[in-house]
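Chains here go by letter, A, B, C and D, matching the order in which they are written, and residues are numbered from 1 within each.
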Amino acid sequence: MSQSGAEPVMPERHYLNAERGLWSWLTTHDHKRIGLMFLGLLLLMFLLGGVYALALRIELLTPGETIMSRLAYNRSFTLHGVVMVWLFLIPSIPSAFGNFLLPLMIGAKDVAFPRLNLASLYLYVLGAAITLWGILQGGADTGWTFYTPYSTATGTAVLPVLLGVFVVGFSTILTGVNFITTVHTMRAPGVTWTKIPLFVWAIYGTSIIQVLATPVLGMVLVLVMLERLGGLGFFDPARGGDPLLYQHLFWFYSHPAVYIMILPGMGVISEAVCAFTRKNPFSYRVLVVSTVGIAFVGFLTWGHHMFVSGASTLGAGAFSVLSMLVAIFTALKIFTWLGTMYRGSIWITTPFVYVLGFIFLLFFGGMSGVAVAVTSADIHWHDTYFVVAHFHFIMVGASLMAFLGALHYWFPKMFGRRYPEALGIGTAVLIIFGFIATFLPQFLLGNMGMPRRYADYPERFQPLHVASTAGASLLGFGFLIIAIYLIWSLRHGRVAGRNPWESRGYEWTSESPPPKSNFHEPPSFPYPPHDYARPDVAPEVGRAA
Amino acid sequence: MSELLRHLLFLPRAGSTLADRVDGIHFFIIIITFIVAVCIGLTGFVFLVRFRRQQAFAMTPHVQAPMWLEGLFIGVPLSFFLLWGVMGFRDFVWAKNPPAGALDVYVTGKQWMWKFAYPDGIGSVGELYVPMNKPVRVLITSRDVVHSFYVPEFRLKQDALPGRYTEMWFQVKRPGRYQVLCAEYCGLDHSHMRAEVVALEPGDFEAWRARQKSLPEPGPGEEPLVVSGADAPGPLAELGRAVATRKGCFQCHTVDGTPHIGPTWLGLYQREESLQSGERIRADVAYLTESMMDPAAKVVAGFNPVMPNFQGRLSPQEVAAIVEFIKSLRPERPVPPAAQEPTYVPVRR
Amino acid sequence: MQPEASARPVVPHAEHFGDEASRQNAAHLGMWIFLATEVLLFAALFAPYALYRLAYPELFHQAREHMDLTLGTINTYVLVSSSVLVALAVASIRKGRELVASALLVGAVVLGITFLCIKGMEYAHHAKDKALPGAHYAFHQFAVPGASLYFTLYWIMTGVHAVHVTVGVGVLSVLCGQTLSGKFSAAYHTPLELGGMYWHLVDIVWLFLWPLLYLS
Amino acid sequence: MEGTLGYGKALLVGVALLALTTLSYGLSRLHLGNWGLVVALAIAAIKVSLVAFFYMHLSERSGGPRLVFATAGLFVVILIGLILVEASDRPAAVMPPGPFSIERLPGLDSQPGGEGGVR
């Protein structure tokens, strides 16, 4: 693929070898190292959540109790949810790639509050440790939603899990504060508000949600903890409390949290689409407005989790219509990405395969989201596998594809090396098909009426469960291959050079891997970040010419 | 046509009038989704082939979406979404507002069973008898945690909240048995919290009702026999008492609250206990079972770890029976003072 | 909930910024975003208050009569005055008068502690009546359905606020010490401004708690 | 800097805050009924704007901080407003004399309080 004559060489000194020793990593204020450490931890958590997922799928292969008891099953799906949602997906792209790339993309030396950034990492570690400790205590069996009054009455170790999630929440708040401030105050000359790279916009929107929604979750978790510890009776009907209030407060956070998971993914895709089609975005304005729009309108839709919960009919109608508005922004993005491909120069690489997978799966995930936001249709689908399939299409099909796409796209940026491209493309295709095989049957299971969180099920559901489990094993196999070749590439991959993707993104103007101070000279960017119509050589100087 | 679609989409047969409406909008959304998916897929494929990379560092023209196209991108999907939203909401309101003259049935969810009762006092556990072709309003509540009353073939689902009644109505189209599931996670046996709706011809239903009424009338203040049947110590609990006697449990445990070598079983179920390790645990089914299988694991504070291990000495059935027996040993719950009982308000139609 | 962490986020002369003005901008913006999270944190308590007030209007009306209006009102004056003192302290340091500033901060800290003491008296009073939250509620003069809910709300809302007051007193004391030791000047006093903003936020929350719990 | 916080302004705002507090207290003695809450909250809102604008330096900083302040306020309104919209439209105290009394949760009994639910 390389067109240049000379093989690129690694830069002599970069952020990875600027300082040595474990201590230099543990006390670093360098956003790139913090991002890398987040990445490592997140991948560990993903592994843990994935093991739970496979165990659940194996248990569901046949009706009845096979490899685990009902109690163990209930605990496993709870921990699968808790680990995947709070310890992997919510911090995934913002904390790992956002940390690494955001300053690079706006030409800053670091984030605004580097010490706070490190504190965020340690809070995450602390929160994850408390949660894991809770798992060792037996773990909770409430589902990741901790619905009261069950979560206040059950005898399992709910407290440490709640506490862990609470602490992780503060970690994401600190990250959010940091990112918003950085974007506002630290842009290099030339990076005006209309020239901010799209990934930065996505992280910005995500941070708004994190900052505004997470405290509500924190408070509501405290209330549940107090209710468990001291019999507060806040959500307990026996004391006049209202269990629906819990659902309101919980979903005020947790619905926007879905956008915390998907928005950064959309940012990754916006970047990658431009880079691999070598095209300016079909409409920069639409992509930005829809990002900020999703961040804000996402707060108005939480009630669609409560259509059949006994909330009022009027409320259901209002929340249904508001949910349609947020879906529009997603639809806009899909059309814009498609339009960006028009008259481009499309280069099929591993990240681009993930882009295609993302767009395709997000379309179905989004449309099934619209479907369950239709009040009457939701009566049937609510809390069935249809919903399970829907949010896995969004969270795995979209967010995780974007995460993998980002990992492949910026792998050369982070480590200065490349992974085997053909193997990458093959695995990406395998993962997309594995994914569809896993979750398409779950849509049909939902249609049949299989409720979620069932350890055991009537026999008629079995064939589709078998198909789903088969797909899941394909998916797991795919992840294994990726892990192997990426770890191999860390040491033995081909040296990438500054800009292996020929991208004009700001982050590629620095060396790969970047020096500790990100740029050797204080940068300024006189051109927009996704401009491929201009015969400028500046972005390409990175190629070892 | 709709039967074919139902088969393709794995939807169960439509048992109620609500099901037809829900399926209608379901088909509408799915068909549009697939048409648009094909369009997007074809466009993407054409672009992939037509605009594939020819050379490195290719320059591409600056293409900017025109305003009218952006308007189209917003307008077309939004009008579909809003149309679905409005259509769905119309059906939703319809499904939430029972017609006058509907038969009332009280549904109570309880870990992990469904109980049904009619205003005239008759009731049943696990089987809801309704007449076909007649609107039935279900007034749903829960006695412990949140459950959800779900009949897939009716496309009917409504959460059961403790302390409140929620309502929904349906009209069965043809006689038969329809499975009821619990759709809101409610604990250990969530997946086994099942029941059945039995739809009868109106004549058969009246006959069933008359037969139920002729059962011995409960005394004043007593609950009808059939309803309370699930609460009374069932045969399993009786078996548990026998097993416990045989295995010598009563050498250490009492059932009347007197302190002895081991904790008393009276009111033990769901009691919050302090452990020797300083932690607290709720004596749920899992803990009780564990205490039989591995007594030394979690010893209640103030007791010595002297209990023998019953792993392998009790069959699963015997364990279940003992647990059921312990469950039945609940102290009388304090009845809330009369002033705090909810006052009767005629149900709003 | 460690506001100190972001109350002083900027290393003086942090190298990754251009100049002091942009450092200040970033610090203020960061502090504001942090304060926004605090606002939402309290909103998660005001929302239950609103819902239960809607559900039990009578109850909330009667409950007021069991609150100690005098102590609550005195506390309002105390907290508002301490906020004024902090504002004056910032005004002083901007003129370079470190001693005046630290004296004013001492005043604010003393008023903050007074607030906590009065709050403690009120708590003791309620505890004696057994008007405790949730399961521990046994206040016989006010034993209508849902009454425990009102007092649960009262204890949690004021309790979380009191935690913030305590943290604020700590922050102000540290800042006071730093002012005395000459760390701040007319040119550089961002931490003092940020700490002051935190204290004002605590004041703002009370400005809503007071009318909701004591007045109407 | 324009609009910098000086002694004069700080004192003036302080006096205004204390006066508004007194006003709020006085009005509450008049028992305005339902309007009492509205008036009290309105006065509180005025005081908060004063504190935020002058004491918290919003008057000196345009852009970012003001945006954050407005956004936070907006989201408080959204959270509380939408919950109230939903709750106020729930079916009236539909507590028909179902055949069962409400069973309390295990471990949470024997205390007062507890009407059936939220109306």
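Annotations for the structure displayed:
The criterion applied here is as follows: a residue touches a chain if its C-beta (ideal position, glycine included) is under 8 Å from a C-beta of that chain, and two chains touch if they have at least 3 such contacts.
Here the structure is a predicted model, which means the values were calculated and not measured.
Chain nearest the geometric middle of the protein is A, using mean C-alpha positions.
Among the other chains, C has the CA centre that is most remote from the centre of chain B. Averaged C-alpha coordinates give centres for chain C and chain D that are 15 Å from one another. Here the spacing of chain A and chain D, counted between their Cα centres, is 35 Å. One finds 44 Å separating the Cα centroids of chain B and chain C. Counting partners per residue, chain A has 149, 153, 184-185, 212, 216, 231, 233, 237-242, 244-245, 248, 252, 310, 313 as the residues that reach two or more other chains. The multi-chain contact residues of chain D, meaning those touching 2 or more other chains, are 64, 71-72, 75, 79, 83, 87-88, 91, 102, 104-109, 111-118. Among the residues of chain C, those touching two or more other chains are numbered 25, 29, 33, 36, 40, 43-44, 47, 51-52, 55-56, 134-136, 145-146, 148-149. Against chain C, the residues of chain D that register as touching in their complex are 4-7, 9-11, 13-14, 17-18, 21, 24-25, 28, 32, 36-37, 39-41, 43-44, 47-48, 51-52, 54-57, 61, 64-65, 68-69, 71-73, 75-76, 79-80, 83-84, 87-88, 108, 111-115, 118-119. Remark: chain B residues 9-12, 18, 21-22, 25-26, 29-30, 33, 36-37, 40-41, 43-44, 47-48, 51-65, 69-70, 73-74, 77-78, 81-82, 84-85, 87-93, 95-96, 144-146, 148, 150, 152-153, 155-159, 161-164, 166, 179, 181-192, 270, 281-284, 286-287 touch chain A in the complex. Residues 25, 28-29, 32-33, 35-36, 39-40, 43-44, 46-47, 50-52, 54-56, 73, 76-77, 80-81, 83-84, 86-88, 90-92, 94, 134-138, 143, 145-149, 193, 196-197, 200-201, 203-204, 207-208, 210-212, 215-216 of chain C touch chain D in their complex.
Chain contact summary for the complex, chain C toward chain A: residues 1-2, 5-6, 9-11, 14-17, 22, 25-26, 29-30, 33-34, 36-38, 40-45, 47-48, 51-52, 55-56, 133-136, 145-146, 148-149, 152, 156, 160.
Contact residues of chain A toward chain D in the complex are 149, 152-153, 184-185, 208, 212, 216, 231, 233, 236-242, 244-245, 248, 252, 299-300, 302-303, 306, 310-315, 318-319.
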